[in-house]
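Here chain A shows up in two complexes: once beside chain B, once beside chain C.
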Partner chain A sequence: MIEKEYLKKLAGKLMFDMNDEEYETLQKEFDVILKNMDRIAQIPDLKNVTPMTFPYVHETAKLREDKVEEDVVLSVGNVLKNSKHNVHDQVKLPKVVE
Partner chain B sequence: MRKVVIGLEVHCEVMTHSKNFSASPNEYTMTPNIHVSPVDLGLPGILPVANKEAVRKALKTAMALHCENPDEVIFDRKNYFYPDLPKGYQITQVTKPCGVRGYLDFYVEDKVKRVEIHQLHLEEDTASLEHYNNFSLIDYNRSGIPLMEIVTEPCIESSDEAVAFLETLRSVFLYLEVSEAASDKGQMRCDVNISLKEEGETKLGTKVEMKNINSFSNVHDAIEYEIKRQNEVLDHGEKVVQETRRFDDTTGKTFSMREKVDAIDYKYFVEPNIPPVKITKEFLEEIRQEIPPLAFSRMNKYMEEYGLSRYDATILVKEKKISDYFEEVIKNGASYKSASSWVISLVLASLNKLEISLEEFFLTPKMLADVINLVDNNKLSMDHGKKIIYQAIKEKRNPIEIIEENHLEKIEDQNVILNYAQEAIEENPEQVRQYVEEGKDYIANFFVGKVMQKSRRQADPKIALEMIKQELEKRKNR
Partner chain C sequence: MKTIKSYRKELDDGKVTSEELFQEARKKILENKEINAYVTVLEEKEEQEGNSILKGIPYGLKDNFSTKGILTTASSNILKDYVPVYDATVYKKLKASGAVLLGKTTMDELAMGGTGTTGHTGVVRNPLDPSRLIGGSSAGSCASVVAGITPFAIGSDTGDSVRKPASYGGVVGFKPTYGRISRYGLFAFASSMDHVAYFTNTTEDAAILTDILKGPDKMDMTTLEDDGKKYTETLENDVTGRKLFYFKDVTNPSYYQDKKDPILTETLTKFHETIEKIKTLGIEVEEVDFDKNLLTAIYPAYMTISCAEATSNNANLTGIQFGPRGEGDTPDEIMMDARTKGFSELIKRRFILGSYILQKENQEKLFLNAGRVRRLIVDKMTELFQTYDGLIMPASGGIAPHFEDASDALSDAYLILENHMAIGNFGGFPSITIPSGIVHQMPVAINITGRVLEDDVVLNIAHQIEKKLNFQKIKEEARCEK
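Up next is the complex of A and B:
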């Protein structure tokens, strides 16, 4: 099982922390993930196999034409809806640089 | 003497109507949070779709930098946590960037320097943060604006080379019209990697990274400060620490931000929400056709073919519109040297004085060429030519119209000029005496002045001098 201390170290690097219960949940989830990784590792001769990112090629995949669609633009109120502290229509947070 | 090794990472916002992965506007504004869509905020359920114009402009810039282009567009996720990145990852390119292995040639003083380009990739900008005494504010307008990053090989050897490279790169952006590249709007920013190595040493020294420097003069000062600092560290027998430093433009010093041991692992992986899109040869060819001759090649042409000085050529290629204007003046029949001197001394000076751009400038290249041609063919004095140009600009009128209306064409008819000369001589007997009896030859110029006055500056001064001397000499021999 993945060490809780190791998860804490990783969380620190990503600049967040969790409570003990959450770490335990994560440990259990990682347990499944790592077991699956082990199973994959048992498949022989994978060295020259290119990782398959997409299951099939989208022959019709296209780029988007460069047009503004006003209806996708959120109102300032909606932009800030998930934030508890707002000042001058901006999200307020503790200072992030010294 | 240690050698300086510099590599640059340049970020430049791409000029498009909409953002890189959403249809919200890519438009500079001071009003916060008005150009934001759910995709830009990374809300659950979003589906980013790549902007064709942003891809086209990134490929175009890569081509202009002589890079190899990929056969398909693929984006990757760069994962890190910071308040300016609401999704928790930035969509960028690692697997197949828009360009790899290119180069850019430019002048440093009178020498040509080549900087190798490692890669050019397309990504998205972050939100902007404003820092106050004890809090920070986030404005998401900038989130998702298309951003090109150009990474050089570590082959730049001084602050002057770095600045010359950045200036040339900026001119590439402007010539290609892919970006406004205005550093005061944060549209062009630069990270500098710098290390020192002993002369003859093949291995690179420990590098220090300086992030987000927003002006060319700050890049220059940051490099100079770092060279001095690293030299002092090495002189004391100490080791340079591998770290990220921040340049503070108020003190002109760099400060440590974080050491390499704390470096973030970005856990790159292919962006699963954007399927790969094939880039056809036709698409690439279409883009290639749109690339105009750039400043460096124009400059070489002006110096080698047109015989202009490096100084003048540099001024003329600084802006594509000016260079285009200059070339139009030539197409309308003006000689290279005259076109160059009139554009620099009159057009650029007028633009500066009037504080307007070339688009707002009344005088067309054809109008300027017409006046230059009259002056060069001795049909109009230089003096009149300049005055007419200024008048034309001021009154927004065709200079030829002003010339015709005021009968300002140069008088070359010897009989007409002779009449003026004789009149002047008759009216000024004392000066004639000085010339004839005292041998004061320079008095001839006094009469040229009189002829010019009488002819409203239309007489050809060379012919006038000839006529005056001829008349005065006659009196000597009487």
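Up next is the complex of A and C:
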């Protein structure tokens, strides 16, 4: 079974934590998931296949003009609208450097 | 059952006003409160901008589409107070068509789930039988159409998040070719597989929506150039000589002899009865022996790719620029607290899986191999599409499960029958679910997946099959028996 401490480390990398019970559920779930993942490894000659990262070759893809689209640039007011602590048109956070 | 056209006629004949339709839909939401289809219901009808067949008709929009000034939560606590400051292209286009937004529909949190049970406002129930789930992640959108609240609703589909619930609710679920419809303003889950998709009562309504929503968008560089086609105009094309295939063995009831699941057996028997009816349309349907190792690898490959992509796509949910601010003395502590409180357990488990997959020591074995499997499957499908116009399969191995039902996540029946529709996301293929019969008083459905760019062919074939099957009649008969 996968170590709880290892899972905790992974959660930490993603900036969250879980309680003990939740880690135990995850440990059990990992058992099933890893068994399923093994099915991938059973497929022969995978090494020579290039991994696919996009559904199909998109021949019409083109770069857009390198210019600012004024209508989609958010105003400072809009950027800050959903932030809870703002000071002087900036998002406020605790000091990082003392 | 009311279609977009029947709503249009009522409006044009002056039998009803758009305001009355809007208020009636609001009332239906209250009458169906236990279904929990909506997170947010608009109190007042928005100003209508445009004119099209959709003008004045109410619809539901999944709560992961950005709507300026309207709460958009993705059914997650981490976005429970988020009010977007821009519009998704899909929403803009619907506004420009005159369609009336009724509200934002409940979903599986951040679209990561297939049950409709993980949203922060509670579970979504199946309007046909509230003791059963409707499926997800686009649960509320599906329920809205099934309950007759709106004639159509927009969702998103990364694995089968529209096409599976459609099956559980006895409605049509269509996911066009990847790039056909702009994803701008759709909260990203797994960008290489995310699609805009929708629920309707008929294939014709699905074609109507596609005609309105498709087209290039400068805000989404993956959108396709317009193909200049009107999909509503080719629905009646002759389908004689079209060829479909289905996967051998896994669709055969006797393949699961040891399982003794009467619903599975009946669903697969019904599937073959449906195939026989389809053949009378002049469509050839053949079985194909597809590599079983590849089929059982669909689900793990899907989980690997989607969780890995989701892990990075959701890294912006920190509670700092939006969402509830966490507590703590440092930026890290604040973020940690917001994310610990903001994500549900299921989401955290999926993120940890994504993180595991992306660790240096696992990347080759898991992440890259999943991408390799994806390519093998898509290449094989593309090869088969040289002979066949589409893949036809049961959309699920059964009917909408009860909330307490658990699936055997390691069985072939689960791995293949419940997950094969992700093929449509791997390759961006257009894919449609249409209801095909009744099992134990609940609907079952078929799914048809076609060649990339051939949305018109998929809709045409599905429309002709829909007419042949006459599902509405089947549904009425089943109701009478009930």
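One rule holds in what follows: the second predicted complex is superposed on the first by the 67 of 98 C-alpha atoms of A that agree within 3 Å, B and C clash if a C-alpha of one lies under 4 Å from a C-alpha of the other, contacts with A are read in each partner's own complex, and residues count from 1 in each chain.
The criterion applied here is as follows: contacts are C-beta pairs under 8 Å (C-beta built on N, C-alpha and C of every residue); 3 or more make two chains touch, one makes a residue touch a chain.
The model shown is predicted, which means the values in this text are computed figures rather than measured ones.
When the shared chain is aligned, chain C comes close enough to touch A:Asp17, but chain B does not. Of the two partner chains, both chain B and chain C are touched by A:Thr53. Applying the stated contact rule after C-alpha superposition, one finds that A:Pro94 touches each of chain B and chain C. When both complexes are overlaid on chain A, the residue A:Ala41 reaches chain C alone and has no touch with chain B. In the superposed three-chain model, the partner touching more residues of chain A is C, compared with the other of chain B and chain C. Of the two partner chains, chain C is the only one touched by A:Lys81; chain B is not. Applying the stated contact rule after C-alpha superposition, one finds that A:Leu26 touches chain C and leaves chain B untouched.
When the two structures are aligned on the shared chain, A:Val68 is found in touch with chain B, with no touch to chain C. By the touch criterion defined above, A:Leu7 reaches chain C but does not reach chain B.
Contacts of chain A with chain B, set against its contacts with chain C after fitting on chain A, overlap at residues 13-16, 53-54, 58, 61, 63-64, 69, 72, 74, 79, 91, 93-94, 96. Considering their complex, residues 16-18, 22-25, 31-39, 41, 49-55, 73, 80-83, 129-140, 262, 264-265, 270, 272, 275-278 of chain B touch chain A. Every residue of chain A that touches chain B in the complex is listed here, in rising order: 13-16, 53-54, 57-58, 61-69, 72-74, 76, 79-80, 87-97.
Interface residues of chain A facing chain C in the complex, by the touch rule stated above, are 7, 10-11, 13-18, 22, 25-26, 29-30, 32-33, 35-37, 39-43, 46, 49-56, 58, 60-61, 63-64, 69, 72, 74, 78-79, 81-85, 91, 93-94, 96. The touching residues of chain C, counted against chain A in their complex, run 81-83, 85-86, 178-179, 192-193, 218-219, 221-222, 224-225, 293-294, 296-297, 299-301, 303-304, 311, 315, 318, 320-325, 328-332, 334-336, 339-340, 343, 345, 348-349, 351-353, 355-356, 359, 365-376, 378, 409-410, 415, 425-428, 452.
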